[in-house]
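After this come two complexes, each holding chain A, first together with chain B and then together with chain C.
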Partner chain A sequence: MALRLLLFLWIAAAMLGGFLWAPLVTALGASTRVLYFHIPSAWITVLALGWSMLHSVQYLRTRRLDHDDQAAAAAELGVLFCIVAAVSGSLWAKAQWGSYWNWDPRETTIFFLLLIYGAYLALRSAIEGEEKRARLAAAYSVIAFVTVPFLVFVVPRLHATLHPSPILPQPGERGAMDPRIRICFLAMLAGFTALFFWILSLKVRLVRSERRARQESAAQS
Partner chain B sequence: MNGNLVVLGVALLAWGLLFLYLLRLERRIRDLEKR
Partner chain C sequence: MPPNGSNSAAAVWAILRKECRSEWRTRYGLNAALLFAVSTLTSVSFVVGRLPDRTDLLAALLWVVLLFAALASLAHAFVREVEGRTLTLLRLVASPTAIALGKLLFNLLFLAVLEAVTVPLFLVLMGGPPVRWGPFLLILGLGSLALAATTTLVGAVVSQTRGRGALFAAVSLPLLMVVLAASVSGLRAQWDGNPVATEARLLAAYAAVVLGASLLLYDHLWED
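Up next, the complex of A and B:
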């Protein structure tokens, strides 16, 4: 419980710091604050999809359903955080570029990412047998993750984009963050990461409890 | 009213509600695991 309360206070303090203590970036104005939600969401998307791929590989090696539970829960959260990143990015685009959506390479690639992982969730929901679903979904997840580095890091660099580079400038470099913005941003990044692992553990525990209840009722009947 | 404070208030409220929901969900899962 103490850890959960610490997480609550941590993220609340990072938000307060971002809004009341950290300065605004001159070029971005008030929309600077979107940064505290948009980039952590994008980071969690990549982390979650990577986590899903790692557990899919583990499932294919060991055939243990525990890994499939982790892979499925992580992919669901990856899609959820991807939607948060897309919506917050769209609001930022409206403030900076004057339009919510203009098929910038970054927007196009995030759209493709949502389609690819939406298909993963559709595939899971379309297959009845637990083992078969786990096997096919794991194979799909491994192949799907190959596209993630291309869509997130490579394609937007091959085409002219208005979106800033995903690599943050270091202190002293041109375009570097103000130290107060950096502190709040890194605090949000850490907070979102802890939140992701908390929700992931809840989702996995819920799926396992439901499975155990199903097995027990099947054994009784 | 300052627009930034409104956004901050909404963000804090949303985070607080999500946090309470997650705590409640965790308690229910713990009950389910005990059964």
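Up next, the complex of A and C:
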């Protein structure tokens, strides 16, 4: 309970800091603030995918349904954050580049991740039987995991990017972040990560108690 | 227990021959795929006309036609077993990996036949500039290998689900975006007189990685 409250206050404080305390980047204007939501969401999208795939591999090795619960819950949350990242990025692109969508490599990548999440969840919903669903979904997840990295090499060959550098410039370097922006941004990043793991644990607990309830009612009848 | 090396090579060969024979008996899959590919090609050619100098569009359209034809037909090899209820029997006589490799070779052959009809027709109908056959066939071949490796694995997964046909295309496509992008970029470079080595390496690496992962995964796919 106390941790939840702390998380709420933490994110609220970082958000207020981003709007009231941190300065704006001259070239970006008010659209600077998308940074506090867009980058953490994109980070969670990738984190959720990695988490989901790690647990898929673990499932294939150990055959414990706990791992499948983690993988499925992470994928569902990943979709949510992926949509937030795509929409916030698209709005920012409209403000800065003049169009909502132009298949920039990063837009392509985020769209591709959304497709993979969608395919994974569609696949899960079409399989009957817990064990079989876990097994096939994990196999698909592993294949997606080994093919995703290729996108990094191939997409820039088709379309050039205008996206700001994904790596934070060091202090003193050209294009470096104002320290106040950096603090708010890193606080949001930490806040989003904690938020993700908190919702994840809720979802996993929910799935487990549902399974237990099913087993108990099956045992009674 | 998986059979030893020579046994499994024989098993792969036997599966391939069995696939070809059962396909040849009905020719249902091949006919449907060829008709589908030619229909797609005709509609593309009809709506855009000839494109003698747009190599970027030619490369993209050719791969879209091939991809659609492949997605419409390549799940067939596994779905046929499930629908005919013959998969259990097949698994009694061969290891999952041998079955999958046999089906992969069959799918590759299937794609080759499909392309042997579609690609010349495409070049004639769209009126593109002359192709450099070496790089052209290299990209086409490696692209098909990557396509077949991915769709065979996805076909094995999807054949065990409800609503197989519709799901197959949706589930394969995110994995095939890389193949599509690299193949289109390679074909474009081929027409523009640029080297295609990067794309060829990329496609070969992709195919090798998917194939390697498949070999690890096939044993997990059928257990019940």
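Note that the second predicted complex is superposed on the first by the 208 of 221 C-alpha atoms of A that agree within 3 Å, B and C clash if a C-alpha of one lies under 4 Å from a C-alpha of the other, contacts with A are read in each partner's own complex, and residues count from 1 in each chain.
Definition applied: contacts are C-beta pairs under 8 Å (C-beta built on N, C-alpha and C of every residue); 3 or more make two chains touch, one makes a residue touch a chain.
Quick caveat, the model's predicted, so the values are computed rather than measured.
Asks: Contacts for A:128 in the overlay, against chain B (first) and chain C (second): which applies, first, second, both or neither?
Replies: Second partner only, chain C.
Asks: Figure out whether A:6 sits in contact with chain B (first) or chain C (second), or with both, or with neither.
Replies: neither
Asks: Is A:151 touching the first partner chain B, the second partner chain C, both, or neither of them?
Replies: In the superposed model, A:151 contacts chain C only, not chain B.
Asks: Who touches more of chain A, chain B or chain C?
Replies: For chain A, the partner with the higher number of touched residues is C.
Asks: In the overlay, answer first, second, both or neither for which of chain B and chain C A:143 touches.
Replies: Once the two structures are laid over each other on A, A:143 reaches chain C alone.
Asks: Can you list the chain A residues touching chain C in their complex?
Replies: Answer in residue numbers: 60, 112, 115-116, 118-119, 122-123, 126-129, 131-132, 135-136, 138-140, 142-144, 146-147, 150-151, 153-155, 157-158.
Asks: Which part of chain B faces chain A closely enough to touch in the complex?
Replies: 3-5, 7-8, 11-12, 15-16, 19, 22-23, 25-26, 29, 32-33, 35
Asks: Which stretch or stretches of chain A touch chain B in the complex?
Replies: Residue list for chain A touching chain B: 4, 7-8, 11-12, 15-16, 19-20, 30, 33, 37, 198-199, 202, 205-206, 209, 213.
Asks: Inside the complex, what are the residues of chain C that reach chain A?
Replies: 150, 153-154, 157-158, 160-163, 167, 170-171, 173-175, 177-178, 181-182, 184-185, 198-199, 202, 205-206, 209-210, 213-214, 216-217, 220-221, 223-224
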